[in-house]
């Protein structure tokens, strides 16, 4: 099967992890990275930085798939802006799922979301657009994660939790089942 | 190979996760769910609630395997009562192991216990009857987990820990190696 | 393919876990264990304790691969002494990687290090000699872990963290991205 092309938008640390996921998934051919103007022609692993934001309309002519690979710690503003820009241009933002992750067939994941290595989406979960479900994170049965959230590395959302749009849920955070979570949750938090 | 029939006793959130495990294990055919009388004929995913506790003796005539799918957070009384009732009627309570979990061949697991997705039972471990080893939990080498315990999501039992009967060990809890644990351990605890 | 021989140095609890990893990896044939003189001829699982430290030069004549299977909690002095002794004699200290672990092809791991079950080494990581990356531990993108460290069970090193030589990073510890970590980090710590 011929692999489709994809362009990655953002060339930092999170991009390293996403490259590893896309390579393992073996479904897309990474044609290059979009980053700051001053980084053009530098490499991220073996992939070239082929342009900056201003070049996206031109790139769309040869590559219709894109994914936001900027991270989300202090703020998700840049991730949202890029997601909306990509949509406006007409890009398809696929769901990227690591073959080392598990996603229940009873669950739904929306466009532009990446499901990183060894994360787990249990049964009857809904995950919105442009989210990061980071490495080893657990989203338990009956959860809802709204758009533009980052569920960080090894964090745990227990059963039937609702995570509001734009939430950062920190690394190794854990929470009571059935609650609502929003805002900025620090790494290692126990949320009740 | 023809799959054997199984009936699930308890139709709440934990049942959603157990259904996902049983479907992935692909060893048993779920004939239906037992729940409260007022829920009869409702569905849990594509499975019908076919009866309440009073119907178990009748159901046993056509299905000899059962598993308790009620959760255990505040109390395990209902799980124990149901387990004992099922045993009295004559049901076989198999061990259910997710194909995404790992159980060392040097370890033993007793009847009616479920080993959920991506959990890990390391070498030289003994786990009792009617336990939940929940999603992503880790039971390290040389541990003993007695009957009717719930080792919650992403929790960690380090080497040679003994967990006494009826213990609830909360989500993302961690403990020192070689200690005894019993009672109700809150999510996110560090037990020394 | 004929399996190569290996001798394990240290017959305690950590050895139980390493045996499970080596058996699953199915690459080495364990010829026996080295432990204290008074334990010679006892068994660890089905493997005999065939000698003590003083016998290593003799054992090297029939087995050129060795791995340190002593644990590292309070101190790593014994692990370092044994590693250096094995190297002096001429032993090859292979990297042992559980088939249940994931190591990015963009990462490097040095001799004598064991990567235990369900641990994950993400992209662009360097791990030194004689380390334990214990069960379910996560080493995120761009980390450096120097020699003789123990990254304990289910702990999380977030992106671009540097862990100095001899560090103990406790079970379920988590840390901010991009920081330096050294010394003794207790189980369940949140390091900023």
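The first chain written gets the first letter, and so on, giving A, B and C; residue counts start at 1 in each chain.
Assume a contact is a pair of C-beta atoms (placed from the backbone, for glycine too) under 8 Å apart; a residue touches a chain by one contact, two chains touch by 3 or more.
Computed from a predicted model, the values in this text were never measured in an experiment.
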### Task
Considering only which chains touch which, label the overall pattern as line, ring, star, complete or other.
complete
#### Entry: Numbering shared by both copies at the chain C-chain A contact, with half separating same from different
different
### Query
Given that chain A is a copy of chain B, what angle of rotation, in degrees and a multiple of 5, matches their CA positions?
120
### Query
For chain A and chain C, what's the span in angstrom between their mean Cα positions?
32
### Query
Using the touch rule from the top of the page, what residues of chain B touch 2 or more other chains?
118, 136, 154, 172
### Query
What part of chain B is in contact with chain A in the complex they form?
13-14, 16-17, 19-20, 23, 45, 73, 100, 117-118, 135-136, 153-154, 171-172, 186-188
#### Entry: Touching residues on chain C, where the partner in the complex is chain A
102, 104-106, 118, 120, 122-124, 136, 138, 140-142, 154, 156, 158-160, 172, 174-177, 190
